[in-house]
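Take a look at the structures listed below.
Shared between the two complexes below is chain A, which pairs with chain B and chain C, respectively.
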Partner chain A sequence: MMIEIDCRGLACPQPVLRAKKALDNMQEEEVLVIVDNPAAKENLERLANFLNYIFKLEKKEDNNYYIIIKKPKGNEYST
Partner chain B sequence: MTEFSLHCGCAAKVGAQYLCEILNQLPGSVNQNLIVGLESFDDAGVYKLDENTALVQTVDFFPPIVDDPYLFGSISACNALSDVFAMGGKPVTCLAIVCFPTKKLSLEILGEILKGGFDKVKEAGAIIVGGHTIEDEQPKYGLAVTGIINPGKVITNAGMKSGDSLVLTKPLGTGIIVTAAKGELAKPEDFAGAINSMTTLNKVASQIMQEAGANAATDITGFGLLGHLFQMAKASRVAVNLWMDHIPILKGALEYANLGLVPEGAYNNRIWVGNNVLFDTEIVTAEKDILFDPQTSGGLLIALPKERADVLLLKLKESGCKSAACIGEVFDGEAGLIKVKRRKNDDRN
Partner chain C sequence: MNTLRKFSGMVLLTGIVVGVLGGLLVKLGNPPNMGICVACFLRDTAGALGLHRASVVQYIRPEIIGFVLGAFLVSLLKGEFRSQGGSSTVIRFSLGAFLMIGALMFLGCPIRMLLRLGGGDLNALPGLAGFISGIWIGVLFLKRGFVLSRATSLSKANGLIMPTFMFGLLILLLVRPGFIFFSSKGSASQHAPILISFIAGLIIGGLAQRARFCFVAGVRDIILIKNPHLLIGFVAVLLFATITNLTLGQFHLGFLNQPVAHNDYIWNYLGMLLVGLAATLLGGCPLRQLILAGEGNSDSAITVLGMLIGSAFCHNFFLASGVEGVTLNGKIAVTLGILFCFITGLGNREV
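Moving on, here comes the complex of A and B:
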């Protein structure tokens, strides 16, 4: 199961803090983070790179970014 | 108190791209005594009273950047006074601008904010002569500062000349460290470093800059090093080389940028000015973040002839600006172009 963190309406650094907390305690292998501004999206990408996790922009609807951050498996690498 | 702030300190500034659009719609003030007005996007307005004296005027206020009210007042005052110092002026009188939720927060907090501002104004050699306070959901504090200057000695952002050295008097990274602190991820010693920098007046640096004879100067605030440097280079119709390894950076800032603790203002600055900046391929993302990071009460960026830069640096360091460094040089090129290289004499790109 994937945890979903809805960070719409939250200013930086809140989306990163919430994502980090979820990833730190992560039982599951991935989280879905929803943010509504490009700065939050980029900050989540930095966090994922820092943790050596995979960052994937799943979809963008209007100003909402649906981002999946997950642990790399086998031959998957963070870009 | 920072829980009341959507944006911290100078990161709360409205983006430059929007400001430019709005200001361009205004008719502009024409007056023979107006030395520096809106058009040049300078630090402060300058109005000539007589042959020996001109007024330097500026206003700055923002929501809490730190939770300690005294420090917030001190930082905000320091930041507001800085615009006068950046022009080479002497601050004389200040008016306080205050927004405060009296029903939500204790008046003692307001008292501490005002005390922090009062003490900093005193240290700057100026006085607070009044102010205005209104009820607001979100606290805000700042100053309107009036200074004086000799009209022939105004240091604007438009005087950079090819061959000039660029000197920065304080380290970068306050926006990122404050963002990390807001998330309770900043180490106490890193946060203390940022506080120390933000509460240091640019008074002494300004005096030394005037003695050394600067061609141009500005103070680094909400538009970040690259935003303010772009404004200077464009106004001066020159291009600039920056040397990344020479740029002073607050301890911890690179680490927090890597974690994604970059304020939204940094991204806005990049959108606004990024197209005018050429980064060497080896400059990493966190370093770029530092250069776009909105600063609160940042240092002076001084352009002066190369042969005088060493003396300026020596005097700055002797007087306590320990992080001061020569960070780049001015050259004849496309107006406003900034090249960021790894280090001095690095011509690989």
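Moving on, here comes the complex of A and C:
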């Protein structure tokens, strides 16, 4: 199961905030975040990097970025 | 990972450039400790347009024009220009106006707060504490679910209005028609040559667009997601402004007799608290609003217009502080601004 978060049209820092919230209570393995500007995409990449999660730009369609953030298999992150 | 490193490098570079130019522009003619200030410069521009009639603060500041046009040109080049808007317009306008009332209580935006510190003005310390407190309160609202409504894509013309307006201001500055006011005394009579100020603005605008530079996000992301990425820029501005001011003999440490400043600690604190809080609710600092307006964002454009009108109110209704201190009207307006932010913060959640 993958949770989907549509952050199009939302200002900073909503995409990061919502992605982090979903990742924090993550029962699902993956989170799909849709954003519509490059700054939000970079912020999500930074978040994933910071949490030691895997960041993957699934596709870019018009101005929309579909981003998958997932837990690395087999090792829990610790902060 | 490489893209992340590249962006961190851009943030550092932007911070260094803002710090150094902030010091240099003073040497070249801008008022002391006011090489760059989004709040003061929008206020001067409002004065030049006759929106207020305080004769000492009227000048179309080319740095402001440069910030917007620099971001506009770079976003076009990079294919990132996008017309977007329609998110809680009147709330954004009001937050922009109140942000300005807070900034002119303190006498500076977040950039000038750091430039003042970098010039040895310790009155900026309570301002810094207030700024951080305001952001912290804003983060509490964000955690409770505060959000302004979603923006949508708009036709290209919407996004072109603010860059066109800035281009118009540039023409007015160069032509100097009789209906535009230019101070012959006071802080707005002090300015670096137009071309240098404009180019400095263009450089900072372009860099800030690439770096997604934001003074509020620098602090906010530490509190919210413990990410220090944008704080590097914050620290770089302070450090390089200090070095530049020391080198140019513009560093004077102390609380007393600081240029375009007062030493009312409580209201320096509360003024910047209002700035930090309003900017957190808006999603970005005053510089970031100008940059986003250049990228085609109408929500930021309306915020900039709110700041412009807010600055005019400040002088029409005697809200702005001066070297002699703060005013009762200013205290009332800042209190109302903080109250407005609390109501906005509590009352806006996504339905």
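Keep this in mind: the second predicted complex is superposed on the first by the 73 of 79 C-alpha atoms of A that agree within 3 Å, B and C clash if a C-alpha of one lies under 4 Å from a C-alpha of the other, contacts with A are read in each partner's own complex, and residues count from 1 in each chain.
The working rule: a contact is a pair of C-beta atoms (placed from the backbone, for glycine too) under 8 Å apart; a residue touches a chain by one contact, two chains touch by 3 or more.
What you see is a predicted model; the values in this text were computed from it and never measured.
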{"item": "Partners on chain A (chain B, chain C) - clash or fit", "value": "clash"}
{"item": "Chain B versus chain C as contact partner of A:N63, first or second or both or neither", "value": "second"}
{"item": "Contacts of A:C12 with chain B and chain C, given as first, second, both or neither", "value": "both"}
{"item": "Partner chain in contact with A:L44 - chain B first, chain C second, else both or neither", "value": "first"}
{"item": "Clash-bearing segment of chain C, relative to chain B, as chosen among 24-32, 78-86 or 150-158", "value": "24-32"}
{"item": "Residues of chain A contacting chain B in one complex and chain C in the other", "value": "11-14, 16-17, 20, 37-39, 42-43, 45-47, 49-50"}
{"item": "Of all residues in chain C, those that touch chain A in their complex", "value": "1, 3-4, 7, 80, 82, 84, 87, 142, 147-148, 150-153, 212, 214, 217, 220-221, 224-227, 229, 282-284, 299"}
{"item": "Residues on chain A engaged by chain C in the complex (per definition of touch)", "value": "8-14, 16-17, 20, 36-39, 42-43, 45-47, 49-50, 63, 79"}
{"item": "Chain B to chain A touching residues, read off their complex", "value": "6-7, 179-180, 182-183, 185, 257-264, 266-268, 285-286"}
{"item": "List of chain A residues in touch with chain B within their complex", "value": "11-14, 16-17, 20, 37-40, 42-47, 49-50"}
